[in-house]
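So, here come the structures, one by one.
Both complexes below contain chain A, partnered by chain B and then by chain C.
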Partner chain A sequence: MLVRREFIAIARNPSLVINPLMFLLMAVTIFAITLKPILGDMGRAAGGLIWVLVLLSSLTSLDSLFRKDYDNGTLEQLLLGEVNPFFLVLMKCFTHWCSSGLVMVIVAPVIAMSLGLSQDLYGSLVLCLLVGTPAISLIGLVGAALTVALGRGGALLSLLILPIMFPVVIFGGGSIDSLVMSGEFGGGLIWLFATSMLALGVAPIATLFALRLSIEI
Partner chain B sequence: MSLGNTALLDENITVETKNLLCFRDDRCLFAPISEEVRVGGSLEVKGRNGSGKTTLLRALIGLHRQTRGSFSISTSFLYQGHKLGLDESMTPVENLVWFQALNGRKANQSSAFRNIDFVGLAEKADTPCQFLSAGQKKKVSIARWLDSEKKLWLLDEPFTSLDTESSNVLVSIFDKHLVNGGSIVYSNHIDAVYTPSSEVRLEPVELEDLEEC
Partner chain C sequence: MSAKTWFHQWGSPRWFFEKAKPVSTVLGLLSLVFLSLGIIWGLAFAPEDYQQGNSFRIMYVHVPSALLCQSLYLFMGIAGFIGLVWRMKLTDVAISAAIPLGMMLTAVALITGSLWGRPTWGTWWEWDGRTVSTLVLFFLYFGIYALRQAIKDSSTKANATAIIAMVGTLNIPIIKYSVDWWHTLHQPATFTITEKPAMPSEMWLPFLVMVIGFYCFAGHNVISRMRIEILRRESGSAWVRSIAMSGEKARYVF
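Up next is the complex of A and B:
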């Protein structure tokens, strides 16, 4: 029931899904029309580019993750309720991932095509994004929880979490690069998976602490 | 479920405070509060705007940590702050069902509708809350308390934005809850809507008095 409510909330407010997605597609288009005529195809730059764009477009939806719940008081009720708050944080993360990471995974082939990535690599790119995007949602959750009480914390949120996202972009970009170069993932995918797992272990606890801090005002 | 920093000896006491002070940025908000609420009892927290009514309620449930003195809550509680905790995009019934699930009860559409009907919002039961007035939203939040199993209700300004008729309904809900062995602590700045079994007025405190606390 609680999970269903989150999805209903997204369904009634589709801008949560559409805005980051449109941002991603626009940014990809800009790169495609500015760089592609010069470079021919993106070649080795594509991997890094894709990850940077996915990361930036996820940021656009993070600020609103807890904002509405904080403003209307449901966050208090969530934390005072009888359901384990740890579960609630995981649920929030899952729904955010479904509305941003998963959607980007689905449109990944379109991005790859725009940037001139070889067709054989589409499947591997989808896998790579599938493994790495949960880390973005998890780490973003901590930042969103920390800044939710600060009114418009958007800029601060980006400053806080972007440095922590470096490993995701490095390993993600690296694994796509080795795909382009050798057709194999190399070690990048394993490290990307490790980053997601580490985030899964640490981020929900940190989020819970941050949320408690935020409502104790 | 218990909160606070002293153990309660008497089972009939649900809330107890001894010389409780609340601070905000090192400023003491009100003179020490020593009160107890018994099963079936109600406590009205009075005071002018900014006197610390909300802070006191939040301190009791652990959402405001800058306190001195001791307090404890010995039973399961329900808290209703100024922010009602309603999702604007959801209908009243959906909000009630969500609240049931959040508090570990089986989601029950028909009892949710019954409670909405009880507070007089039946015709708005399927209208998203963003289209309701302040008073109607308040009634939705009241409907959520009706089938709550929580013994202690901590309510911040429950009578604000209610019309006379709805205030009377709320008074009857209060009476029923108290008869059923519950207890209520609520803040109020409107005169004589409900007659509580005890009341406390939050008075501002002078700096020199504070040295003694």
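Up next is the complex of A and C:
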């Protein structure tokens, strides 16, 4: 039921999905124009660029993740209610991932094409993104929960969680680079998976702590 | 003294303020001795490196500060954990004292590394494994610093810091591994605890002295900052007031 509520909220306010997507497309355009000279090289730059872009556009939607529920008191009610708050956090993460990570995964081949990544690698790129984007949502959730009560997430949120997300981008971008160069993931995919799993273990607990802190119960 | 009493006294800022003073003084004197001994030994008496000449001597500052800035972050993570689990006020004082020193040492490690890189690698800045992980460590420090600036309420500030410090600490090994995996042209780590160092003892003994000196200095610095922070936070209490009113204020602090 709660999942349904989240999806209805997204459906009624499609800007939650469209804004990050438009941000992504604009950023791709800027990269494509400014980095034109190096893009030709077998699409080596494409993998890293896509990961950076996915990370940055996920950030744009993180700030609003708990904001509305916090402002109108829903968040407090939900945490005090009978639903297991742990489940609540996981659900929030899932819906955020659906509205940002999953969308990025779907449009990734198009972006990869425009940045000149070799066509054989689209499948691997999608696989990489599928494995790695949950970590971005999970880590982002902690930052969003910590900053929701401060009223000015934005830059602070990015400052807090970007350094923690470094490994995801490094493993993700590195995997694609390794694929372009040697045709193998080079261990990157496994480590990406491990990072996501660790995030799944730690982030929901930390988020729950942070939410309790933010609403002061 | 029972374990419980021992444990409980850590919850008392006043107890810490009084007991920590001699510790801080001793550590301060030790660091003075070790650092001056190590600097003179390392800069003037240690033999030249057969490849790098005299430029390797910056190692005596670079490596200890790089070691220490990681240790301090780990310290903050552990303090955050203790603070969250046992609700100890003192841990937040410790974290607030460790942040400025940690940030400064990370910056020192980056700057000296850059200065060292110029003569040995031929470039001021190289995106190699350990440089990147130290830079990320600096970002992690800055994130905590920025968060603390943004939160007004002191208990919220303490808990939020503790959460992010713990998450960051868990993340440090992954960052290190990911960056190493990604790329490394750095010389392999010069010192390990388990293996005998590859350089002659005339070179690494002053280094060891410097490391001990750095750690003593960090202990002294963090404890002194903690004591001052305690005075600031407890400024309304009777015992702090009595110190402020007494004629010999300096005696209590230094």
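Descriptive notes on the structure:
Simple rule for what comes next: the second predicted complex is superposed on the first by the 210 of 217 C-alpha atoms of A that agree within 3 Å, B and C clash if a C-alpha of one lies under 4 Å from a C-alpha of the other, contacts with A are read in each partner's own complex, and residues count from 1 in each chain.
One rule holds in what follows: a contact is a pair of C-beta atoms (placed from the backbone, for glycine too) under 8 Å apart; a residue touches a chain by one contact, two chains touch by 3 or more.
Keep in mind that this is a model prediction, so the values were computed, not measured.
If you put the two complexes together on chain A, you find that chain B and chain C both fit without a clash.
If you count the residues of chain A touched by chain B and by chain C, you find the higher number for C. With chain A as the common frame, chain A serves as the apex of an angle whose CA-centre rays point to chain B and chain C; its value is 90 degrees, to a multiple of 10. Residue contacts after overlaying the shared chain place A:162 against chain C, while chain B stays out of touching range.
By the touch criterion defined above, A:83 reaches chain B but does not reach chain C. When the shared chain is aligned, chain B comes close enough to touch A:9, but chain C does not.
Judged by the touch definition given at the top, the superposed model places A:71 against chain B, while chain C stays out of reach.
Within the superposed three-chain model, A:213 lies in touch with chain C and out of touch with chain B [touch as defined at top].
Of the two partner chains placed by the overlay, neither chain B nor chain C lies in contact with A:44. Closest approach of chain B to chain C, taken over C-alpha atoms in the A-based superposition, is 7 Å.
Looking at chain A, you'll find residues 216 touch chain B in one structure and chain C in the other.
Chain contact summary for the complex, chain A toward chain C: residues 139, 142, 146-147, 149-150, 152, 156, 159-164, 166-167, 170-171, 174, 187-188, 191, 195, 198, 202-203, 206, 209-210, 213, 216.
Put simply, chain C touches chain A in their complex at residues 84, 136, 139-140, 142-143, 146-147, 150-151, 156, 159-160, 163-164, 166-168, 170-171, 174-175, 177-179, 181-182.
Within the complex formed with chain B, the residues of chain A that make contact are 1-2, 5, 8-9, 12-13, 68, 71-74, 76-78, 80-83, 215-216. Of all the residues in chain B, the ones that touch chain A in their complex are 61, 63-65, 79, 81-90, 94, 97-99, 101-104, 107, 128.
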